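Starting off with a structure, shown below.
Chain lettering (A, B, C and D) follows the sequence in which the chains are written, and residue indices restart at 1 in each chain.
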Amino acid sequence: MAEPTAHPPTTTVREAVLALCRATGMTTVFGNPGSTELRMFRDWPEDFRYVLGLHESTAVAMAAGHALGTGRAALVSLHSAGGVGHSLGAVFNAYRDRVPVVIIAGQQSRALLPLRPFLGADEPARFPRPYVKFSRQPERAADVPAALAEAHRVAMSHPRGPVFLSVPEDDWDRPAEPVAPRTVHGGYTADPAALTGLARALDASARPALVVGPGVDDERAVRQVTELAERLRAAVWISPLSGRSGFDERHPLFQGFLPPVADQLAERLAAHDVVVALGAPLFTYHVHSEAPPLADGTELYHLDCDPAQAAWLPVGTSIVTTLGPALRALTDLVRPADRAAPPPRPAPGPRLATSAEEISPSW
Amino acid sequence: MAEPTAHPPTTTVREAVLALCRATGMTTVFGNPGSTELRMFRDWPEDFRYVLGLHESTAVAMAAGHALGTGRAALVSLHSAGGVGHSLGAVFNAYRDRVPVVIIAGQQSRALLPLRPFLGADEPARFPRPYVKFSRQPERAADVPAALAEAHRVAMSHPRGPVFLSVPEDDWDRPAEPVAPRTVHGGYTADPAALTGLARALDASARPALVVGPGVDDERAVRQVTELAERLRAAVWISPLSGRSGFDERHPLFQGFLPPVADQLAERLAAHDVVVALGAPLFTYHVHSEAPPLADGTELYHLDCDPAQAAWLPVGTSIVTTLGPALRALTDLVRPADRAAPPPRPAPGPRLATSAEEISPSW
Amino acid sequence: MAEPTAHPPTTTVREAVLALCRATGMTTVFGNPGSTELRMFRDWPEDFRYVLGLHESTAVAMAAGHALGTGRAALVSLHSAGGVGHSLGAVFNAYRDRVPVVIIAGQQSRALLPLRPFLGADEPARFPRPYVKFSRQPERAADVPAALAEAHRVAMSHPRGPVFLSVPEDDWDRPAEPVAPRTVHGGYTADPAALTGLARALDASARPALVVGPGVDDERAVRQVTELAERLRAAVWISPLSGRSGFDERHPLFQGFLPPVADQLAERLAAHDVVVALGAPLFTYHVHSEAPPLADGTELYHLDCDPAQAAWLPVGTSIVTTLGPALRALTDLVRPADRAAPPPRPAPGPRLATSAEEISPSW
Amino acid sequence: MAEPTAHPPTTTVREAVLALCRATGMTTVFGNPGSTELRMFRDWPEDFRYVLGLHESTAVAMAAGHALGTGRAALVSLHSAGGVGHSLGAVFNAYRDRVPVVIIAGQQSRALLPLRPFLGADEPARFPRPYVKFSRQPERAADVPAALAEAHRVAMSHPRGPVFLSVPEDDWDRPAEPVAPRTVHGGYTADPAALTGLARALDASARPALVVGPGVDDERAVRQVTELAERLRAAVWISPLSGRSGFDERHPLFQGFLPPVADQLAERLAAHDVVVALGAPLFTYHVHSEAPPLADGTELYHLDCDPAQAAWLPVGTSIVTTLGPALRALTDLVRPADRAAPPPRPAPGPRLATSAEEISPSW
């Protein structure tokens, strides 16, 4: 059973972003540059191509064409609020025509923003909405690479479309963790290939677990979850702070309620080699702890009908689907388990009570 | 072939809303009332129940519980911006727990809004976002019933959740058209029952048509569309103002580009008894005309992976699904057609050109 | 004593807007046109000039230059959300450089907006914020001319800057009342010329009244108001729904609390020929009534430190100033009155109580 | 002539906020607490008082009453988005009644925000708008104290009203600089006492300077600026990136255009012991440098009609007023100077050109 450990950042925002662009095939960048993007483009790598648009409209329009031709999202670099505004007609078209364009807009240095600097964007997380599927300026430099990864996943979820990220110019040289690659199966249709992969992982698992979120009850899939859990002899947890029941708490497979704190949650799930989250964002935290979301030996699958939640999960393989058909198909695909059922749920002891009180007196 | 005709309103906003509530099972209303809601509740019908919450939080929380228990959306009536604010904790919980709560907030009279009246909401379409899936104040009184119908469909799409509608108090007595009932199959999974129903309608059709939108190319489903069209001998149109091709324009079944004007669009499709829109909002208008969206003899089905677009269509049966699996399944379900193929596309004549120019010099 | 009467509209939105443009010197219009603006420009009057910009940026930049040269606000016509976006760099500059540019953006027909039409703006009241001082799409066609008048007053208040109005294309031919001309003295500095004019009006008044709003207590000006009222022997009212006291309710000049309903408020003030509102928006209504804000014989002056409130008042002469210095100067400027003091306040009778109950059970 | 130096932070956000609260008289805190505020209240100082409201509405309402009674802004601590929502009715009242209430809302840890944590606010800078005069979540922990200082100044500018600051819970222990106290004279009316103080400082100055911003031309005050400059024999600069002229560039007192970079700007002004900024935000930067805004020996006065700009200046004494009357009064108040005029402007040399090019290729 692996210990959760915190990985110190070994790279910069700029390096992590470039690595992500390589991993997602966004090495052609369309843009119309200004001063706030300079640090992004310094030491421009040989394997990247920069295509200059003489106006922001043409940069976005070219990127949209590139996305249509390649079937991959295309990256655009624009300059602050004004530059993004100038491209709005092309952004609107990409939005209506479902074209995955990932826009990074330069923003002034965080240090300058309190003084309303020249070339600053005043409401950077709102601006090109409602004509983009996602817009954000991360609250910390270190969060830029992961935010770009999420934006890319949103752009590539059907219906595809443009997304937006505002990056303060002093973020590029700050330390950041590299972004782990993720898979999102976006078929919506209980994709047989994706489910077969998951079934094989469950068959090979020594100690599987299901995590039940609000989506299970929302989609009336409690019975199917129970059938799958029994066939797998899997442990069953309720996701952190879920307000809806989705599993019988007296069932012998029931293990309890996952805590909304990263290290505690990872510790609870560290006993499991395969975890399947059902209709749950899973990583709903309430108190911060410096810990990775899962222990090294825990593999996560995530089934949800909400592509936004599939996009914002930081780790694991997501399958976008409604739960009923997926659970029925999955139950047919897995072998009846001959593994031992998990030990019965420990009665909530004083440590848990103390911990819950520590975490928050308010919920 | 039916003539498109405009139906003059025969009812009031209040009557149309009450009829919609009956049709959707929302006859229990939870609320905490104020003066701006008085016209909504006047002559309260016998078959409706009003459950008073002594605070807005409890009204929303009770409604959420009712929705969980019944499996239907629950209606809440709150009072202007302040009243909605007071309920925000309960709205947040409903949002996170995917509970379909439909909130109608009283707003001041339209006539008063320019003067910042007491009890007015200043940004009524924004306020409870981002904790609701939909928020809107219709631009005309006559649009209130249809907006509530759309809000209800959004609330009931998975993942379910709260929605919000702001209604100026002088809207309730204005004329409005009754809202036509609609079905949305929200399974996402090429729902076999829904597709079977569509297949039976296509088999029975004399002159079917497919309308191809941006989603077809977005989901790489051009080949499947072609196979289905050929099996059906169906006419194929491109949806209004789509910027992406999704069908070979030289194919003998291709009929042209639908115009973005209600009467012209309805006229083009009036020859067809069954129309299947694929990845297209279909009713993307550019110029207003007083005409119903479809002629009386035209039945619409709509396949799209975007539940928001499924919700905002004003007529027809929507099936939420990605296109590839749905088209493959549908092609298997329909009988090969022995009907005559549609006549070849008329060459674009002077009238069309003139009309396009009339419509808009700008696109 | 004049009777309040409702004036039925005698003109269209377009005619009222053109008249307002003439009155404010905005007869040169800079623009880049699209289809949603066609009705605005039909039968373009001989005394107006249209200056075409080949791009929206240049239209706004030319308008800004014109405003700098003339010292008057300049009018720009742009096309929907995309067109406004394209001009954003020039709008940003005008905002930073305090240049009064009045932007009217074409919006799709109200009738089409529920269906997300082509060329529609989805959040029209928000879009160019925070780079404009004012943005709005009126809730009714009839409110367009007054909203444009307010926008113009906001643009011309120091610090000047750009403002924005979204106008649905089917609003232009609807009926609307002409906009009454108004004066706003924007000096902030207890402008002696403006105060002298007011002093002359008060000296000539037979039955003056002061209306005390929250600003009086906010600026600690209660004593100065009392001195002025006594010197004038003026009636003193509290403004509708003010939550702060600003005058001694036992003072013999005190007349009571103005009701938040147009006809009732106008009736209370109809006895007065000159009314001076102090730190009060005055027309804070709660219940709509079809009545003009003031009776024909009542002349309104408005002293407030908030230029936004000065701009949104529909009638009267505003003087932007803090109250203390203005009241001290005004008290020196007016002659001690030899007119009769107003009759003592009638004890609140049953009619008032009934009326308050009728108006709102909630405040 | 003092050298600009960067002061390293010597305190935490929490300590700097508490010091600011003491300096502004906000040592009574009204609130309804939750977990995200715990770090703010740890080791609660003896000289602070916490008044518990059993509901958020009462906390804000009590604070509003306290502000009315004391004439000072009152501090409220609320809990995340839900807690702020619950108080909205009381916030609305404070807004309409011009009551200065400073709301700090707890926000989740910055580290958690990418994952949509429990108790997080999703659009923290927007939420209680438009019912507050100011809302912000600083982009860095270190900016929290200065943002609170700005919020307090906004709340106390007439018309007073509520303001809002969202503070992530992990910001409280981060390092931050203490906030320098500032004076804002909010009289709007060329306040004679404030101007007399400025006149005495100018009379005693050895090398005064005027900085001309867009407001000078906006308010047609170029002639008055020239008269004042000549009477003072003061150097005259144009503020950074101003797009409007406000002084004759051929005038012997003209010194040039201030650069939009902190260290360069401070260096240009370091020769001056008294600087008067006119209609200019002055600290409009384009490139960040680690330098204090002004050298230690430079004292700043700021005259502007915009209370928002008066509030956001980080240092100096602001006098809110239109420029014309203030400049006329000031010219009368100062003694004709017998000091030497500043040396004529150096011709723009290669170093300046190089520097401008370094700063930004884009303007």
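Criterion: a contact is a pair of C-beta atoms (placed from the backbone, for glycine too) under 8 Å apart; a residue touches a chain by one contact, two chains touch by 3 or more.
Just so it is clear, the structure is predicted and the values come from calculations on it, not from any experiment.
Visitor: Across the interfaces A-C and B-C, which one involves more C-beta pairs in contact?
Guide: Between B-C and A-C, contacts are more numerous in B-C.
Visitor: Name the chain whose C-alpha centroid is farthest from the C-alpha centroid of chain B.
Guide: So the chain farthest away from chain B turns out to be D.
Visitor: Report the inter-centroid distance (CA atoms only) between chain A and chain C in whole Å.
Guide: Computed value for the inter-centroid distance: 48 Å.
Visitor: Indicate the whole-number Å distance between the mean C-alpha point of chain B and the mean C-alpha point of chain C.
Guide: 38
Visitor: On chain B, where are the residues touching two or more other chains?
Guide: In chain B, the residues touching two or more other chains are 96, 118, 123, 126, 241, 284.
Visitor: Which residues of chain A touch chain C once you look at their complex with the stated criterion?
Guide: Touch residues, chain A against chain C: 57, 81-89, 91-92, 96, 118, 122-123, 126, 129-131.
Visitor: Where on chain D does chain C make contact in their complex?
Guide: The contact residues of chain D facing chain C are 68, 71, 93, 96-99, 158-160, 186-190, 214-215, 217-220, 241-244, 279, 284, 304-306, 309, 320-322, 324-326.
Visitor: Which part of chain A faces chain D closely enough to touch in the complex?
Guide: 33-35, 79, 108-119, 123, 125-126, 137-140, 143, 146-147, 150, 168, 170, 240-241, 260, 281, 283-288, 312, 314, 359-363
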